[in-house]
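Okay, got some structures for you below.
Look for chain A in each of the two complexes below; its partner is chain B in the first and chain C in the second.
Up next is the complex of A and B:
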């Protein structure tokens, strides 16, 4: 059903402390979870409002996640010199949990 | 000694409390989720936050409530589907009785199908949304515990609770309605294909078991079998019905339509999976079982189609038969029978003609018999040509059908050839007739035609030639006819003759044509010889120049002597002036080629002589014998000559003398001699005299001997001779083949020898086994071969 998500335009991701991140949909759809939210047929509130509120994430983590989305989009499928994606060690565990949650 | 923390050690913060660390009670968390799922089913999901639901499910799985969530969701779906079955689908169940009107059936069926479709689509959509939310459950819990995913379970639940609902068997109803709708379409009604299609899709998307094996689709297990059984029944009836009601053309059209229809059905209405199976059923019932009967239909079957050039029908028929039998054996067999039948009809013309003649001939006196025979020979010649024309027409017709309708099928072509071979060889005279056809065309038919047209006619002859089995008989006739054409100068052009010969050469090889080519060479050499002889005479300055001699010297091995009458002794006492020139040429020739022997064949020659009747000068073209006879009267002292006197004077063989006298004195238009008493018969005491009252409108007249110079069919007697000759030459050929083979093999079993001989000779004729045996016996007698002492079946070659 995920195929039915329209990936043009942009969406807003909101952290629990009120920070908003605007991303192209295509980029955000790196996360399967986010993509499912925007499934047109289902018509959840996220799809309607074009914004997702993550009650479990603060801005720091969400920012890092958005960074990763961009990183992934930029380098996916490329060969050769791909720079490492830098993750501060103190965030690692939390990011892993989130990656699991978002299915990235 | 306090140890310092290493510079590389980094403190990893535990994830903040929230997502993973809260305590969670399933019984508290489930109701909101359950509520939300109900909302989804109610199509009111727009207020729901996916993130929230997802997070809830996520947490449940994380907090080891996966099992509870899994089961609760299934219960929820199950309940929901049961409700749907009862409230949505059941009311729409078809209620019509058997025999209800088409409209009622359609409306009723449509309503039911629509309900099923709606239930299915709702289910699919909602299940999709639920699986999205429970994605984490599927990914982690199901994966780890090896349980089927929510989607699979959801499908199975639909199967169990809607389609195979315990209380009302919706699946059975669905099958019934689907079959009914398809039946309606087969009967020519219009149905909602898209709706049926989506139901078929549904059946295809559901499986018997949770493993979802491809061969366990509900479509295959529950529907297809019934569908095929119903179709089987339908087409069994349909086949009978069509056979009773339709002619062949309609039958094959309808069959073709049905095939297309069923194909289209698999594409647009039910599943493509069924395509080969339903096709097999239709082909079985409509083609395999019935097509033979269809082809045999009296007034419209294969015979009718072939006879009336129904190319389209034949093409359709061919394509249909090809579906079930790539070799189209049945079609070929019948086509062959038809061609042989048509061919024999043509042959019948020949037989009928012969019979009619045989009866009229008997009652006549011998003199009339000769004339009647001539007449019948003429008529039969015309008929021979007609026979060839008709065979060619048939051949063209069949060829067109072959190209247009049978896709130039190689196998069918073989059958056609076989059929032609059969009936052409069934007519014992076909060799002669075909040769006559060529003769006729080269003499007359090809005048003023372009090269391409000529080539086409020759090719036709070759086509027929190919069918002849006894090529040696044909060769004999062709040589006979060719020799007549060459000596009498009747060919339209030498090029055409040569083209024909080279075609034979391509067809059967050099040995077949070598003698014919020798005949051509003789003709050219003779031309040179004649002109050289003329020069020679001019040099001699003799007084013979008032006679213009044209000589043809023929090599005896190339030319068919017997056919030219060369075997009977041809004596002839030439008048003096002729004898001189004959002797002169003989001297001239033998001086150039010592050791050769010249035999004169006056029966083949012609002469132009000038004669005066009633002060009018005529130029008369006659045969050499006739000239000799006429010259006997070229003397004012001769008042009349009796037959006996003529015989003594000319020493022409009696048979030829009678014939020539008949044409000179009896034939009404060319009566230059008077015979007394006037009768058709020539008796030894008859008197002949110069006819001073002869008149003719033309200044140039031609007096042919009764049996004219043209090539005609043979009389019975001649045919008997020819057959004997053929037998004789075959005997030689067989012996030669035996010796050739045995010389190479030294020892050979009887069967193997027979086989090899047949193989070697079949290009020229089909040797008769009895004849071969006779030849072997004869060779044993003459001590070329002997039977092996140990094995009577074994022959040994004696050097």
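Up next is the complex of A and C:
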């Protein structure tokens, strides 16, 4: 339920090695999983604290994911020349499982 | 042709010569300027000659010749050549040569004869008073100069330019001076040995200049040089200024002296040459332009490919991007790890499509404990590795193998004994497996088989099918695709499989008739959810009638290429088909007799349930009108194929969209009346529109 989540303000994503990434909620809601976490009705603690901790992700992966959120937000709906999103090949497998988890 | 009038000035729009000149960027003014410069120089030299004693003549001519070809190294030969004609007095020689050149000038303009002919003409020493008189009138001269441009003049101009460059008193910027300066400078240059007396008139200058140019040309020709080639090279404005590689030139940007190479760049506006540092400075701009062009081409290509693949635009999900990346680097992957079956299958599909599923990469997908394995392109997989599948993953319940050309009897026997849980086997393209092996396989494992599919083999015949029917009582899904020896007798055996829910008998090599199919439908039709009879081209309306009577649960019907089926037959199938609650997927591709009336019956019956519909190549559709659309509604339709129906227009598509709220994909190959101005929904994907492909 997209409308049930308030997408104003910002939230913090924390990696398992302690790095924090502050993003506008709207950007982070590219991920369906995160959006569902912030659903008011669900009442998750993440929604109250505006903070999500990912124990499975290190900073490198999480940074890449945040980068993708921004990329997606920037180019969504545009036509024509959209630059490729660069992913280092060695990161691909791990990123794939995380993307699967985040439904991105 | 307008060529005849060339002497007056070639102006006609149809003149090939005019066009040629324009293309090369030569205009009359430039030629005139060059010719006048040349004439001035010639006159100066002639004046010197007249002043000098006849004893000096030989020496003087030699000087001229050397001056002319200073850039070349063949001065010595020319010297000799000119000494062969010492008897002529310089004045008469000059006059005579002037005439010759004049004639060449005219001839060239008139009929563009080849070089040799012109040269012969020029060498003719006969005196022609008419020409001479003509020559006396400077205004007439100028007119000609304007209208006619011959390679000769271009060559002469080039020669004079070369000479200017090579003499020490005159530098490159002479070229940019006006005509008067030019005259003075040239005269000064060539008379540097003798004292300059008086400034000659323009007419004289012109005459003498030409004679001198001619002389030089003759000298070069006699020396065995390929003058005509030179002419060709010298002709265009860009190449006219280009010295041959190895020569010395002066940069148009910084005026420095440098050696010309084949890679030397021409200056801005095609004028002159650039030295290497200046050329390099302009290189990044060109490289960037080239890169942009390349990128544009690539984008266009990938867009076209995406269109053909039916891909949607927009940004791919991160997961999709990663999957593609992994598939691209599949050879470097040591193990996929626990990435989930969806990801695994997707990667497998992509690398199969790229034909990079090999013995090595295949092993990545073998995971002990898995129950499902699909390999979409096994053509590179060795028999030993087919065995490896069963050895590594004995828990398999579903196994799909496509294009498994190297699969042999041993492998299938091994599967039969090793895969204790196997329920579903699809073995496409296993043409090496013999009939006996199939029989053994069914005897071993038949009891547990629920689904079986086989395709593209001539070894799956009556005996194999008999074994299948005898040993697999619980078989629910049977797919027999493109089998060579599938005949009516084989089909009749299928009556022994009453539990079938899916039956596919597609594109058999032999012609199947209605009777056995009807028998089969009578036994198992009531349970069938999917029926595929694609390409059984001898089937008629009787089969449709059997479907009407038997198949109440049918959801998917595919009867493409049933060309003997009539409009009435199709209509009767759907009229009052109350036992069936509506099809979800209907493919009547190339049932060419289908007309609008039959189509109305189809929509009337299944309009609410149809999700996918293909009426590809049903040419009679909408011949009168597509008005009937407004009476119906496709409540669930997501994909429709309207390819090769010529009556489909923008209006038809718009009407269709109005009645089908969930439509996502329209295929419209070869619908030539469909334009880009059709109003589409944002989320709709139109594939195959001509306007998209051609753009």
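In this text, the second predicted complex is superposed on the first by the 102 of 104 C-alpha atoms of A that agree within 3 Å, B and C clash if a C-alpha of one lies under 4 Å from a C-alpha of the other, contacts with A are read in each partner's own complex, and residues count from 1 in each chain.
The criterion applied here is as follows: a residue touches a chain if its C-beta (ideal position, glycine included) is under 8 Å from a C-beta of that chain, and two chains touch if they have at least 3 such contacts.
Here the structure is a predicted model, which is why all the values come from computation and not from measurement.
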item	value
Simultaneous placement of chain C and chain B on chain A, clash or fit	fit
Touching partner for A:41 - first (chain B), second (chain C), both, neither	first
Partner chain(s) touched by A:53 [first = chain B, second = chain C, both, neither]	first
Contacts of A:93 with chain B and chain C, given as first, second, both or neither	both
Geometry of the superposed three-chain model: angle at chain A (Cα centres of chain B and chain C, steps of 10 degrees)	80
Chain B versus chain C as contact partner of A:32, first or second or both or neither	first
Partner with the higher number of touched chain A residues, chain C or chain B	B
After fitting on chain A: smallest Cα gap, chain B-chain C, Å	5
Doubly contacted chain A residues - partners chain C and chain B	89, 92-93, 97
Contact footprint of chain B on chain A as seen in their complex	1-2, 32-33, 36-37, 39, 41-48, 52-56, 58, 89-94, 97-98, 101, 103
Residues of chain A defined as touching chain C within the complex	65, 68, 71-72, 75-77, 79, 81-82, 85, 87, 89, 92-93, 95-97, 99-100, 102, 104
Chain A contact footprint on chain B (complex, rising order)	10-16, 18-20, 40, 45-52, 54-55, 58, 125, 128-129, 131-133, 135-136, 139
Contact footprint of chain A on chain C as seen in their complex	299, 313-315, 317-319, 321-323, 325-326, 328-329, 332-333, 336-340, 342-343
